[in-house]
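What follows is chain A paired twice: with chain B in the first complex and chain C in the second.
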Partner chain A sequence: MRRAMLPLIGVFLFLLVWQLAGRSLGAAILAPPSIVAFDYLELLRQGDMLRELALSLRQMAIGYLAACVIGMPLGVVMGRSRVADGVFHPWVAMFVVTSTAAQIPLLILFLGTGLWLRITVAFLSTVFYVVLTTYNGARGIAPNQLAVGRSFGAGRLQIFWKIMIPAIYPYLLTAARIGLVHAIRAMVTAELFVIVGYGGLIHQSGLSIETGPLLGLILTLMIVSLLGDLILRGVGRWVAPWYEQQRLVSS
Partner chain B sequence: MTAIAAARRTARRTTMISGLSLALGVCLWQLMASGISDLILPPPTDVLARLMDPAFFARLSRALGQSLVPLALGFAISLGVAVPLGIAIGRSKSLSRMFEPVITAIYAIPPIAFVPFLVVWFGLFFPARVALVVLMTVFDVLQVIIAGARDVRPGLLDVGRSFGASPVARTRLIVLPALSPFLFAGLRVGFARAVNGTITAELFFAAVNLGAIMKRATENFDTAGVLLVVLLVCLLGLLGQAIITLLETRLLHWHVRS
Partner chain C sequence: MIANPAGPNRDAPKLEVQGISKAYGRDGNALTVLDNISLVVPELEFLALLGPSGCGKSTLLRIIDGIDTPDAGRVVLDGKDVTGTTGNGRGMVFQSFELFAWRTVLSNVAFGLEVAGMGKAKRLQTARQYIDMVGLSAFQNAFPHQLSGGMQQRVGIARALAINPSILLMDEPYGALDVQTRDLLQDELLNIWEKQRKTVIFVTHSIEEALYLADRIVVISPRPGRIQQDIVVPFARPRSAEIKSDPVFLELRREIWQMLKRGVKV
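For the complex of A and B:
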C-alpha cells in the first residue's frame, strides 16, 4: 500500500514545489500549476494547439518511419557483417554526434524551409540512434544459438527468421522508442528554428507576458512523448508478450 | 595466442575498411559537387580552402575557444547534479519509486521547448547558454547513473556490511568503483549532449561564437563556411568522446568493456 503511494507522493511533491515557486515568482516568470490548468483548458478550447500538433506530428511521423525502415535493416547488417560495420560505422559515429540544431542551417540551404526540411531533420536525427541500437542487438546474438540452428540443419533464411529476429526483437523495440524521443526533439528544434507549426506556436507564446500557455504547450509535448512511448510498448507486448524489454539506456 | 592475433588482424582490417570508406565518401562528395552549384554543395576542396583562409580561421578558432567556456561550465554543473542525485535515486528503492515518474515525464519534454522560458529567466547571453547546456545534458547523464547505481551487485554490499563498513565507506569503496564504468558511459553521453547543447544555444539565443559564424555564413549563402562549422562541432564531439574512452581504458583497465 505504502509502496503504491510513493510515485503519487513524488508527483505531489513536485507539483507542490512548483505551485509554491510559481506563487512567489508570479505568472510572468513561472505560472503555477493552478493557473496552467486553466490556461490548458483554454488552449484546448481554442483548438490551435491540437490542430498544429496534428500537422507537425504527421510530418515528424514520415521522417521517423523512414528512419526506422532504413535504420533497422542497416543496423542488423552492420551488426552481422564485419565489412558493412567497417564501411558504415565511421559515418554513423560521425553523424550521431552532430547536433540537430547545427544541421538545420545547412539543411535550409539545401532544402529551403518547407515540408522537406522538417521531414529530413526528423529523419536525420533519428536514423543513427536506430542504427546504433539495432546494431548493438545484432552484434550481441549469442553465437551458440546460431550454432544450434546450424547443427540442426537450419538454412540461412530460417536462421534469420527463427533465431536472429527473435534475438534482436527487444532491441528493435528499444530502437523505436529511443528514436521517437529524438524525432520529437528534432521536430520541435526545426520548428522553433524556422518558426512554423507547433514550434512556431511555442515561440509565439514565449513572447507573451504570461507563461501559463507556454507551459501548457510544453505539457502537451510531454503527454505526446509519453503516450507515444506507451503505445510502442503496448505494440511490442502485443506482438511478442514473452519478451522482457531492454532498458532505455544506451551509451 | 593465435585467437588474439586473429582478432587483432580482423580489427586492423575493419579499421582499414573504415578508412577506405571515409576516403571514398570524400571522393564521392567531390564528384557529386562538381555537378551541383557551389551554393548548394561546395566540393571538399573548397571547404578545406575556407579553413585555410587565415581571417576565417582566426575567427573560427576564437569562436571555438569561447564556445568551450559555457560547454565546460554546463557539463560540470550537469555532472555535479546528476551524479549524486543518480546515486541517491539508484541506491534507494523508495526514492526511485517516488521520483522516477517525475524524471521520466520531464525527460519526455524536448529541452529545446524550454528556450522561451530560459529567455525569460536568464536573458539571451551567457547564463542562458549555460542553462540550456545543463538542461540538455543533465537528464541523459542522470538516467545512465541511476541505471549504474541500481546495477551494483548486492553481494558486494553484503560483504561490506559483514565487514562492518559504514554507509559512507560502502558508498566510497563499493558503490563508486562498481559504478565507474557507468560513470564513463555517462560522461560520454553527457559530453555529446553538452556539445549539442552549446551549439544549439548559440543558434537559438543571441547568435554568438560558432552560432554567429554559422548564421552569417547561411545569410551569405557561404555553404562551405556552414559545413566547416558543422564539421568542427562534429569533430569536437568525437574528440571529447575519444579522450573519455582513452581515460577509461587507462583508469579502468580492470574493467572489460563488452
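For the complex of A and C:
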C-alpha cells in the first residue's frame, strides 16, 4: 500500500518543482504544468497532434516490425552458427555504436525525404539492438536443454521451434521492448531533419514564443512510448505466463 | 541368494558397448575421459555405473544415449549399430532435470511423444498415465518452477518413461537432491521398475545407491575412465530399505569403498 504511493509522491514532487521553476522562469522558457495542462486540451481539440502522431507511428511501426522480423532470426542464427557470427558480427558491431542521426543526411541523398526515409531510419536504429539482444539469448541457451531435444529424437526444426525459440523468449521480449523505444526516438529524429509529421510539429512549436504546446507534444511522446512498452509487457505476460511467475519465484 | 526368476536374461544382450574411447581438448594436451570401455548389458538388467566425479561415467551414458559421439568404438543396441544416433527406444533422465520452463508438467511429459508425431489427444492421455505413476496428478498443469526438486525429477522420469523406452538411461538422477528425497525416490523407482521391468543403466557416485538399486555394478576408475571392477549384487527382489543394514550389504559397501578410494584424489 505504502509502496504503491511512492511513485505518486515522486510525480507530485516533480510537478511541484516544475510549477515553481515555471513560475519564476516564465512561460516563454518553461511553461508551468498549470499552463501546459490548458494548452494540452487545446492541442487535443485542434486535432493536429493526434492526427500527425497516428501517421508518424504508422510509418515507425513498419520500420520497427521489419527490424523485428529480420533482426530476431538473424540474431538467433548468429548466436548458434560460428560462420554467421563471423560474417555479420562486425557489421552489427559497427552500426550499433553509430548514431542513426549521423546517417540521416546520407539516407536523405539515397531515399529522399518521403515515406522510405522514415521507415528506413526507424528500421536502422532498431534492428541492431534487436539482433544483439536476440544473439545474446541464443548464445546462452543451456546445451543440455538442446541435448534433451536430441535425446528424444527431435529434428533440427523441432529443436529450433520447440526449444530454442521458447528458451530465448525473455530475450525476444526484451528485444521487442528496447527496439520499440529506439524506433519511436528515431521516428522523431528523422522527422526533425525533414520537418514532417510529429517531429515537424515539435519543430514548429519550438519556434513559437510559448513553450506550453511544445511541452505538451513531448508529454504525448512520453505517454505513447510508455504505453507501447506497457502493451508489449502485457502481450508478453499473456503469451508466456510462466515467465513472469518464474521471475517472481526466483527473486 | 541370487535366485531372481524375473531377473536379467544373461543370454540376450540388450546393449553392447564396444571399445569406446573419448578425449576432450586438442591434440597435445587432450584429456582422455574414456579409454577403451567395453561392456555388455543383458535384457532387463538394472546396471549401475559407479565412480567418482570426473571418471567419465556420465560421458559414457551420453554416448550410449547418442547425444555425444565417441572418438572410437561402437554402441550396439538390439544388434544394431546406433553410435551417435538417438532414439531407438532409449529414454534419458538428466541430472539437473532439464525440464522445459515454458511447458507445464503435462506438456513436459508429453514432449517425447510430441516430437515423435503422436496426436495431441493420445499423447496427453499417455502423459497423464505416467504423471499418475509418479504421483503428480494434482500438478499436471503446474510449471516446473512451482515444483520442488524431487517433484521436478519425478517429471523427468515420467518424461523418459512416457515414450515407453526399452532401455532407460539415468544420469545421476538424484545427485542434485537431499538425502531424504533421494531415499524416497529410490524406493519409488524400484516400485515402478517392479511393475514395468526395463533394462536400466543408472549412473551414480553413491555406493549405497548402486547396491540398493542395481543387479550389477560396473565400477569406473577416473582419468582415464576404465572399467575397474564388475560386481554382481546378490540381493533378491523386490528389495526394501532393510537390506541397507544387512551385513552383506555393509561388507560390499566397504569393499567397493576401498576400491574407489585408490582412484580418488581429493
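The rule is simple: the second predicted complex is superposed on the first by the 243 of 251 C-alpha atoms of A that agree within 3 Å, B and C clash if a C-alpha of one lies under 4 Å from a C-alpha of the other, contacts with A are read in each partner's own complex, and residues count from 1 in each chain.
One rule holds for everything that comes next: a contact is a pair of C-beta atoms (placed from the backbone, for glycine too) under 8 Å apart; a residue touches a chain by one contact, two chains touch by 3 or more.
Model, not experiment: these values are computed from the prediction.
Ranking chain B and chain C by residues of chain A touched puts B first.
Of the two partner chains, chain C is the only one that A:169 touches; chain B does not reach it. In the superposition on chain A, no contact is made by A:19 with either chain B or chain C. Legend: residue contacts after superposition of the two complexes on their common chain; A:147 is shown touching chain C, with no touch to chain B. By the touch criterion stated above, A:193 is placed in contact with chain B alone, chain C being left untouched.
After overlaying the two complexes on the shared chain, residue contacts for A:113 are found with neither chain B nor chain C.
Contacts of A:240 after superposition: chain C is touched, whereas chain B is not reached. Touch criterion met: A:158 reaches chain C, while chain B stays clear of it. The interface of chain A with chain B overlaps its interface with chain C at residues 249-250. Residues of chain C touching chain A in their complex: 62, 65-67, 86-87, 90, 92, 94, 96, 98, 100-102, 111-112, 114-116, 143, 145-146, 163. Those residues of chain A lying in contact with chain B across their complex are 3, 6-7, 9-11, 13-14, 28-29, 82-83, 85-91, 93-106, 108-110, 181, 184-185, 187-189, 192-193, 199, 202-203, 205-207, 211, 214, 217-218, 221-222, 225-226, 229, 247-251. By the touch criterion stated above, chain A contacts chain C in their complex at residues 142, 144-145, 147-155, 158, 162-163, 166-167, 169, 240, 242-243, 245-246, 249-250. Considering their complex, residues 10, 13-18, 21-22, 25, 39-41, 94, 97-102, 104-106, 108-117, 119-121, 143-144, 147, 185-186, 188-189, 192, 195-197, 199-200, 203-204, 214-215, 217-218, 221, 223, 226-227, 229-230, 233-234, 237-238, 241 of chain B touch chain A.
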